[in-house]
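Below: a set of structures, written as structure tokens.
Presented sequentially are two complexes of subunit A, the first with subunit B as partner and the second with subunit C.
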Partner chain A sequence: MTAISIGAARFGQMRHALGPAAIFAGLLALVALAVPEFLGGGGPSIIAQQATPILLVALGQCVVLQIGSIDLSNAATGLFCAILSALTLGPLGVASPLLCLAVVTLIGVGNGLVLVYTQIPSFALTLGTLGVMQAASLVVTGSNVVYVMDNMDVVAWLFAVQVWTLPVAFYIAVLLAVALWAFLRFTASGQGLSAIGYNERAAALSGQPVRALKVLAFGLSGFFAGLAGLCVISISGAASSIGLGSDLLVPSIAAALVGGTAITGGLCNPVNVVFGAMFVALIPVGSAAVGVDPQAQSIVYGGVLVVAVAATMSRSRNAIVK
Partner chain B sequence: MSTHDFLEMTDIRKSFGNVPVLKRVHFHLRRGEVHALMGGNGAGKSTLMKILTGVYQKDSGTVLIDGQPVDVADTTAATRAGIAMIFQEFSLVPTLTVAQNIWLKREPRIAGTPFIDNSEMVRQSRLLLQELGVDVDPETLVGNLSVGLMQIVEIAKALSKNARILVMDEPTSSLSEAETEALFVLVRKLKASGITIVYISHRMAEILTICDRVTVMRDGETVMTEPCARLTVEEIVDAMLGAGNAASFEWQDRGDRHDTAPILQVRNLRLATRINDVSFDIRPGEIVGLAGLMGSGRTEIAETIFGRRPALSGEVVFDGKPVRGQADAIDRGIALVPEDRRKMGLVLDHSVRDNILLPNLQRFTRHFFVRDAEGLQTVNRTIRDLSIKTDGPDKLARLLSGGNQQKIVLGKWLARGPRLLILDEPTIGVDIGAKSEIVDTVRRMADAGMAVLVISSELEELMAISDRILVLHGGRISQELNRRNVASEEELHHAIQGHRAQQTDAVHA
Partner chain C sequence: MTTLTGTGGATTKRGAATKWRGGLAEVVILLGLVAVFSILNPTHFPTLTNLATILNTASIPVILGVGASAVVLTGRIDLSVEGVMGAAGMTFVLLSANSRETADIGWLAWPAALAVGAALGALTGAIHVLAKVPSFIVSLGIWYVGLGIAAVLFGYEMIPFLTNESAVAWPTATLAGIPNSFLLALCVAALGVLIERMTRLGRAAYAIGNNEAVARMTGIPVSTFVVILFAFAGACSGLAGVVGSLALGAGAANVGVGMLFLTLAAIVIGGTPLGGGRGGTLRTVTGVLILSTLYNGLILAGVDPSIQSGVSGLVLVAAVVAAGWSQRERLRVFK
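Our next item is the complex of A and B:
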């Protein structure tokens, strides 16, 4: 038994470590073969731009998934951040993004506090918060598009400045992913988060501050979603409750999963989530490039995602999946 | 033909990859006997039983039942051959009734229709349960039954499939004293009706009580098959360990410590569950046993000392100051090895290293980051000191045997150098080799000044390790016995059942 499980474990580990990069490279190669001008013709830049907000929301999501919970509200919270900063950039300038980030981080912390003190399952709790955030966005904007009137330069550089054809925001997001990886891997809190995801009782009995860590996870989820909101403003100079950034939830969860994050908790590698986000961003761009009917794109999207998650997820044969 | 035993497994070999797990196994059963199968973790017991029940396929060897070769190709074939396994972790559906569980997927139908004949199903179940002499309503939900009764339903289910050989894997590990007695009565009854039973257990006393013969396995081989009547515990242990090193299970008089001030004082503790008024002291270097029936509130006392459970009244004073919550308890040097290591003690999907470091992470954190190298030294030292058998620190805890898993739980706390160690059922499902190593380690730490509180249902273990034994009965400490004055396990057993032992020390007011 031992030999087999070790062999399987090694293989599983390798697949988990390299799977997301490989599957992204595979899809990229496929697209490049079908449309040779894609790589040279600004394709990478478009992918990077699309992937950046997805990646940021996914990074927050993967910390929450790490403790075995889920945050359905973070993408909506991110959009709320975009709207808030579109409204305040003019009057407040540089202070506006900082203030907005603080607000959405606190919204995340609030989620966490309600979770640990009421023990409502995260799925139900954040579904509620999702509704609240969507309504808040509508109310604040009066159902209109909010345009940034002044001080656009505070955020514009994120996507205006390009290094080797890719927007600087993309590099920042990747650096944040690496930082998050180091946090999860090399700090006491990071180890605690993983322990909670696998076995909350054992983590608590080993002296891990379970409640504080859960609040931290939801706070980070709000913070990263806020960064995604700033990207939305930087890209479009405007925000609305149905505009750019209003459809980040599903792609960001998909990015986390393709990146090998276990939806049952305990296992996540933010660096791989980078590939997950690029993969997810590539699907619609790629399928359009190879000539899939736009109306049928969701079929391709859904199918490819399922295959990708199946290929990258680490799971044992007999595990119970919910 | 008459020279054949009922079941003959001859020259069974099995390898996983290049690792031989069963090398040369001969396992013979006589009809209607209770046959103990013993061996340390990794000796090959469960592999052998999985081959018998069709879960695994043997590489070579023969299986004969009644002299006829049997091909146990899968679990269905095993059922057809009359072989059934009573699982340690029960395979019943808690939300179905007893009758529904017994007949699951084989429900009797109303003649000529596809509909289940419920009354027939209940009637047959009632007959079956009556035969077993247990008073269970077939229409009760299984989830409402005690663990002991669930096991009996499992047995009934096996018998309903005409099982002739029952494999029972640690059947008493989660049963109370009374339930164990009831199970033994049932086992004898089954035996009398010609059912053959393979009884896997680590508990020596049980084996000698209930079994006719014993087969001992070691390193993938059967090293001994003998009638129990001819054997002593020492002989069985020697056969399992392969050498004469079972000394740790003999009690050692470690002397009294009346002159040291107590490090733990529990005063008039009252808890929401069952505990009315409990007081006791533990001194540094002392090993105190806490005896009592299952469900008498022992675990709850441990959790209260560890700061996880609030007391209704009374207090826990550690080193002169009351314990304020779990973080405070851990900071000040209290450690708890919980009852269920898989659910509460370990993160099974983390490595040995990460498990050992989990309560120690803060200590290795400098400037926000955990120093891996420093941590690894501690991990390696723990692996060496407790002789944890693992390929390396990065092996998943899940892949280790029960004994080695328990050593990880013990080791992660010992790495903190605790001043009070609470062990809750430390050797459940732990083989004798690892058990004696754990006892040795605890003694060594106690000699160095650590106070120890041991909770155990195994009287043998309490008798072996304790300096003093507290008996919990009726929500209070009914007796406090100096181990020196307890002559036999029998005496302790009586005390736990609520009788007064003849020699008792003063009981705390």
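Our next item is the complex of A and C:
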């Protein structure tokens, strides 16, 4: 699809290695200059808390982007996980998060299986799944807020316990990002995912289990989204179809893209997605610091998304983009 | 309904034959649904009041669908409809007689809202064409930009209610049993058909969707036309935002919530594949009527209304699968 010369790839790698951290540092410096008390107060902790669910959804998304597909349903799946665990934490206790994670991973796998079997475009399939998940959330909650009744301490520690002023869930998410990086970099399956992103037909012809790997990518997307859902429950102790976590889709895609993930596939560094997620979480603070109305946040999100894709997309002059 | 059969695009014999049968199939599905629900619910479903209800709920998706299917014909997609509806709807409300008394420019509020929609659509198209970013990503971003504009316009004050009661009652008022909103939607659909069949722009849309490389080589200004079609789609979304705001009687950023699934599902189920090149406006109108009838029948049968987006989602996937089933191939690249 896109021919990338070796030189361009090298330059791309350099930009990918340092770009996201630099972008985040730039915004942080801006915020620190405009609002000096931000860094001293609870600022970093709040940013880490807001960045964690975004990061987890973005990690799942970047695996799917790695194969050149997209998952528009994973944020809604994550919210569904939050709702499920709010309903089941009381009766099931420790088993509830595991059960919920299993359910949403299976939803992701289901996405993948339908995708490889029917060969329809991933954005159309996952848009359909998004609708189904939204309806499922509404039906399961009866359009109300579901509060965790009992056993809140099973998940509460994720954000209640703080290490060096940051919630422990943030460290876990960062460790997962490193683990995902190692998986993509050092395992045969991980390299296979990259190969699909670079050139799917070549990957298939060289014996990569393309279909199994695609299912794996969507399964991981569901799994990470589920973790984000557990974070939502840990933070708020309640879940609803329009509450906290219902608005993660565009921020998480933006985080993955600011983190240097190419929408065309094959280029993704989960460690940099950490910076992407922190950048996105800092946007509200940053835009308020430069005098943007908080109501205008989604304009900034949307703009960042488009600019991030435009800046990171590899494209050849004559390619047809649809 | 025989007009549904011609779509003015493909020229091959096989294409013409399948097109005809395809157009008929959707009408048969629609009539089948009407028959089934009439038998299941003879007291409430087959009444003139319920017909007006169905047509009224169908009017916004039809208006959206006319614009969105023009974009889909070229193989692009516009995911921004809900955001553009919000931005244009808020513009309309704040420029009409409202409880906040912001401004009242009378009927000029309509073209103003349409202009906001068209501008957002043109922006989507221009970014897509100039920066070569896939249209689904640009329009996803513009969706949020539109919602943001609507939120900024909404601000922190009280909900702006429309104070002109005759204007608020206009969409649901009926003319010969048909609600005004649906008559407006039919006018938009007629405009869409006119563009598709009678203009170079419309015929080029089919050519671009069929084979973009060839369309470029034959001298069609693909980029310009794509931007114009996105602007047209934006204007349609803007109009839908106005009608939605009139129906609410107030300004709300989320006036378009749930409309995206409905519109896309209607386009695909109507017979316009997401790859473009075939189908068109009248197909989409049938698709919307099928879905509106389905929801109406389900809700009258006592099904939870909140499953609506789920049904749209499933119908969307099923329709995309059915449309692409014959193209499956072992080594096919699909993203």
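As a convention for this text, the second predicted complex is superposed on the first by the 280 of 322 C-alpha atoms of A that agree within 3 Å, B and C clash if a C-alpha of one lies under 4 Å from a C-alpha of the other, contacts with A are read in each partner's own complex, and residues count from 1 in each chain.
The rule is short, and it goes like this: a residue touches a chain if its C-beta (ideal position, glycine included) is under 8 Å from a C-beta of that chain, and two chains touch if they have at least 3 such contacts.
Keep in mind that what you see is a predicted model, and the values were worked out from it rather than measured.
**Student:** Once the shared chain is lined up, is A:192 touching subunit B (first), subunit C (second), both, or neither of them?
**Tutor:** In the superposition, A:192 touches subunit B alone.
**Student:** Which chain makes contact with more of the residues of subunit A, subunit B or else subunit C?
**Tutor:** C
**Student:** A:201 contacts which: subunit B (first), subunit C (second), both, neither?
**Tutor:** It touches subunit B and subunit C both.
**Student:** Check the residue A:266 against both partner chains and state whether it touches subunit B (first), subunit C (second), both, or neither.
**Tutor:** first
**Student:** Once the structures are superposed on A, label A:177 by its partner contacts, choosing first (subunit B), second (subunit C), both or neither.
**Tutor:** After superposing on A, A:177 lies clear of both subunit B and subunit C.
**Student:** Would you check which partner chain A:82 touches, where first means subunit B only, second means subunit C only, and both and neither mean what they say?
**Tutor:** Touch status of A:82: no partner.
**Student:** According to the stated criteria, A:122 is in contact with first (subunit B), second (subunit C), both, or neither; which is it?
**Tutor:** A:122 contacts subunit C only, not subunit B.
**Student:** Overlap of the subunit B and subunit C footprints on subunit A, residue-wise?
**Tutor:** Touching subunit B and subunit C on subunit A: residues 1, 201, 204-205.
**Student:** What residues on subunit B touch subunit A, complex-wise?
**Tutor:** 16-19, 21, 47, 308, 326-327, 330, 336, 338, 343-350, 354, 357-359, 361-362, 365, 368-370, 372, 391, 395-396, 399, 412
**Student:** Report the residues of subunit A in contact with subunit B in the complex, numbered from low to high.
**Tutor:** My answer: residues 1-7, 9, 182, 186-188, 191-192, 194-195, 198-199, 201-209, 266-267.
**Student:** Any idea which subunit A residues touch subunit C in the complex?
**Tutor:** Subunit A reaches subunit C through residues 1, 68-70, 114-115, 118-125, 127-132, 134-136, 138-139, 143, 200-201, 204-205, 250, 253, 263, 265, 293, 295-303, 305-306, 309-310, 313, 315, 319-322.
**Student:** What residues of subunit C sit close enough to touch subunit A in their complex?
**Tutor:** 74-77, 79, 83, 127-128, 131-138, 140-149, 151-152, 154-156, 212-213, 260-261, 264, 268, 274, 304, 306-314, 316-317, 320-321, 324-325, 327-329, 331-335
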